[in-house]
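Chain naming follows the written order as A, B and C, and within any one chain the residues start at number 1.
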C-alpha cells in the first residue's frame, strides 16, 4: 500500500494552515494531515520566478493582461480563479508550453532564478520546470518506460532502474507497481496513472513542478494522496498548482494567487487570502458568489 | 537582464541566420526539411507523370491534332490512328455500367443506412468493402468463363427476341461485347457507390428525418423525399467517383469486350475501350507514332479521370460539411 | 384508412423489400466469386502449383512457382519505394506541415491516387523501361511502388492525427523537441495503424495487372536478379485465362483463388487487428 499516513478529519479549529474559510454552506470543512506543522509561509528562501508585465496572446486575443508576480522557492503556490480566467495559460507560460499552440505569443519577462526563460534553451527549461496535466496522459509504453522516458531523451548517465525507482518512491507509487514495471501504464487506475505522470515528471529532477488541475479527474481519496505527496515534495521542489477547487488551495498551498479575466487580482499567503482578502472580488469568489 | 519586450512566435522563437543554425541543432528544422523533401518527391513524381504523358504523345498530337478524337479509323499498318472507337467504347460501357450500378448501389446504400439495424449494416458494409478489394483480373476471370457464356446462351438471345426491334439489341450474340463489359463494370463499381453513399446518408442530420416522420410520412417517403435530397450532392459525387473508376478499368474490360476497334450501335457487338487498347497493343506497338498514339490515349484517360475525381471530391465535401442549414 | 394510405404503406413495404433485395444481391456477388474460385480452382491447388515452373503447352503438371516468387519480388521493390516516401510524407502532413503546403500536397496525393493503373504503367515504361531498353523487375516494382505512395500517405496521416494531443504535450513538457516527440511517442503510438495501412496498400497493388503488362512483362522461367522480365500472379492469370488451352484455364482458376485468398486474408486480418486496438486503448 502507499506509504502515507492515514488521513484523519479534524474539527475546523485546527488545520495545517490555521485557515477557517469564511463560513458558507457550499465551502465545507478542510481536512488535516497528521504531520508536524509547517514553517511560516513567507519562507523567503528566494524568488524562484520573477514575472513582470507578462502578456499572452492567442492570435489577436489577449488572454493575460500584464501579470506581475513573484513565485517563492520551495513552497506550494496555488493559482485560483473562475473558468477562463487564464490560470492555465499563466502556468503554461512558465515552461513555454504556450508555444505548442500555433498562434500564441508571449510578451514581457519571466525570470527563472534570474535567467530569462525566453533566451533559455527550451529543452533545458523544461527539464528544470516539469509539468503534470489535468487528465493523466501516460505514454502507451510500460510503467518503467514511462518514468524512464525523460531520462532517456535527456541522456541519463548511470543506472536507469535506480533512477526510476527513486522517482516512483517520491511519487508514492513504488510499492504499488514495483512488481509490474513492465506492464502497460494503461493497466493502472486513474489515480495511479496521475501519480505515474508525477513520477515521470520528477524523474528528471526538476526544480519546479507545475500542476494543472491535477486532481480534477480523480476521487477524493486519491486527491488526498496527491496533496500529501506535494507536501512531501515541497522541500526539494517549488510547486505551482492551478486549481478550481478552493478547498484544495486552502489546504495544500502556502501562497495563493487569484486571477480574474486575465488579470492578477490578489496574491497573498494562503491563510490571509482566505480569511481577510483585500480585494472585494476575491472575497466574492471565495465565498462562492460567483465562479 | 533583458529588455522586457520579447516577442516569440510558435516553436520558432528566433530569427536571423545565426538563429537558423541554432534551430538546426535542435533537430526540429532538420526533421521538417527531411519530411518536406519526401513530400516534395510525391509532388515531383506526379508532375513528372503528367510531363511524360504530354511529351511522349507529342508525335501523335502534332500529326492528328483534334481530329484524333473524331477519326474512327485505327489502322496501325497504315499509320492511321483515331481515338473515336475507344472513346465510344469507354463511354458506352461506362454508361451501361452506371445505369445498372446506380440504382443497385443507391438501393443497397439506402437499405444499409436507413432500413437495416446498425449491426447488420456494419457487417454488410464490411462485406461490400471486401468486394472493392477484389482484383480486376479476378472479375475478368469470372467474366470470361461464367458471365460471357451465360450472356451468349441465355441473356442476349432473350433480349434479342423481346427487344430486337431496337438497334441496341440486334446482331450476332457472341457474348463478348459492350454489354458484357458494361455488366462487369456495373458489378465492379457498385461497392464504391454503396460505401460513399452510405456514409453521406448516415451523415444526414436526424432532424431531417424526424421532421418528415412527424408530418406523417412513411419510412420510404422520408428517405426519398427528405434524406436522399439532402445528401444529393454527395450521392452524385459517389457516382462521379464510380464513373472515374469505370473509365480506368482495364483488365476485366479487356477480357470481355471483344477487342474490336469499331463503333457499333448494337450492345451485342464487340468493341474496345481506351484502357483495353493500351493494355493489348502497347507491347506490340511498332514505331514511334504508334506508341505516341497509345500514350496520347493514356493522356486522354488521365485528363478524364482527373476532372471527374476533382468534381467528385468537391461534391462529397459539399455534403459532409453542410450543417443544419439546408438549401 | 383511405386507399391512398394503403398504397403508401404498401409502397413503403415494397421498397423495403426491394432495397433489401439489392443489398443481398450486392453482397452475394462476393460469395459467388469465392464459390466459383473454390470450385474451379480448388482442385488444382497442390504442391506442384507452388513449386513447379510452367510446362510447355499441352503438358500437364506445371505450376506457377515463378509467378509467386515474382509477385513477392515486385512487392518488395514496391515496399522499398512506397513506404519511406509514403510514411514520411504522412508524418509531414500530420506533424510539420503548414496550411497551404499541406493542402497542396494532399491535393497532389489524391490526384496520384486517382490515376488509372494503366497510366501508371505508361509512366513507369517511360521512366524505367525506355532508358533500360528492356522490361525488368525494377520497372514493375517502380510502377507498383508509385501506386502504393498515395494509399500509404493517407493512412499514415490519418493514424498519426488520431494520436491524442495530451501525449504530445506530455513528451514536450519533459523537454523532448518536436521531432523527438514524433519519433519516440507519436509514431510508436500510431504504429499498428500505420503498419496495417501498409499491408492494405500491399494487398491492393498485389492484385494489379495493368501496370505490369509492359513493365515487368512476364517470364516462363525463373527471373534472376532485378533486371529481367518477371512473371507475376495477376499477369499469369490474365495470360492463361485468355489463352486457348483448357489446362491453362484450370491453372488460371487456381492462381485466382490463391491471389484472392491472400488479398482477402490481409483485408479481413487488418480489420480485426484495428477493431481490437480501438477497444483496448483508452
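As a convention for this text, a contact is a pair of C-beta atoms (placed from the backbone, for glycine too) under 8 Å apart; a residue touches a chain by one contact, two chains touch by 3 or more.
Here the structure is a predicted model, which means the values were calculated and not measured.
K.L.:
Decide which interface, B-C or A-C, involves more C-beta pairs in contact, and give its chain pair.
P.N.:
B-C
K.L.:
Per-chain Cα mean versus the mean over all protein Cα atoms: which chain has them closest together?
P.N.:
It is chain C that sits nearest the middle.
K.L.:
Where centres are the averaged C-alpha coordinates, which chain has the largest centre distance to chain A?
P.N.:
Greatest centre separation from chain A goes to chain B.
K.L.:
From the mean C-alpha coordinate of chain A to that of chain B, what's the distance rounded to whole Å?
P.N.:
The computed centroid separation for chain A versus chain B comes out at 56 Å.
K.L.:
State, to the nearest whole Å, the distance from the C-alpha centre of chain A to the C-alpha centre of chain C.
P.N.:
Here the centre of chain C sits 50 Å away from the centre of chain A.
K.L.:
Whole-Å distance, chain B centre to chain C centre, using C-alpha means?
P.N.:
Centre separation, chain B to chain C: 17 Å.
K.L.:
Provide the list of chain C residues touching at least two other chains, using ranges where the numbers run on.
P.N.:
In chain C, 177, 180 touch at least two other chains.
K.L.:
Taking each residue of chain B in turn, which ones touch at least two of the other chains?
P.N.:
In chain B, 11, 26 touch at least two other chains.
K.L.:
Residue numbers in chain A touching 2 or more other chains?
P.N.:
Within chain A, residues 100, 122-123 contact more than one other chain.
K.L.:
Touching residues of chain C toward chain A in the complex: what are they?
P.N.:
Interface residues on chain C, with respect to chain A: 164, 166-177, 180, 184-185, 188-189, 281-282.
K.L.:
Could you list, by residue number, the parts of chain B that touch chain C in their complex?
P.N.:
11, 26-28, 30-32, 34-36, 38-39, 41-43, 45-46, 48-49, 52-53, 56, 103-105, 107-108, 110-112, 115-116, 124, 126-131, 133-142, 144-146, 187, 190-191, 194, 218-221, 224, 244, 247-251, 255, 275, 278-279, 282-283, 294-295, 298, 301-302, 305-306, 309, 313
K.L.:
Given the complex with chain B, which residues does chain C contribute to the contact?
P.N.:
These residues of chain C touch chain B: 8-9, 11-12, 15-16, 18-20, 22-23, 25-27, 29-30, 32-33, 36-37, 40, 84-85, 88-89, 91-93, 95-97, 101, 104-105, 108-112, 114-120, 122-123, 125-127, 146, 149-150, 153, 177-180, 182, 203-204, 206-210, 213-214, 217, 234, 237-238, 241-242, 249, 252-253, 256, 259-260, 263-264, 267-268, 271.
K.L.:
How about chain A: which of its residues touch chain C in the complex?
P.N.:
Contacts found on chain A: 95, 97, 100, 122-127, 130-131, 133, 135, 137-141, 149-150, 153-154, 186, 197, 200-201, 204.
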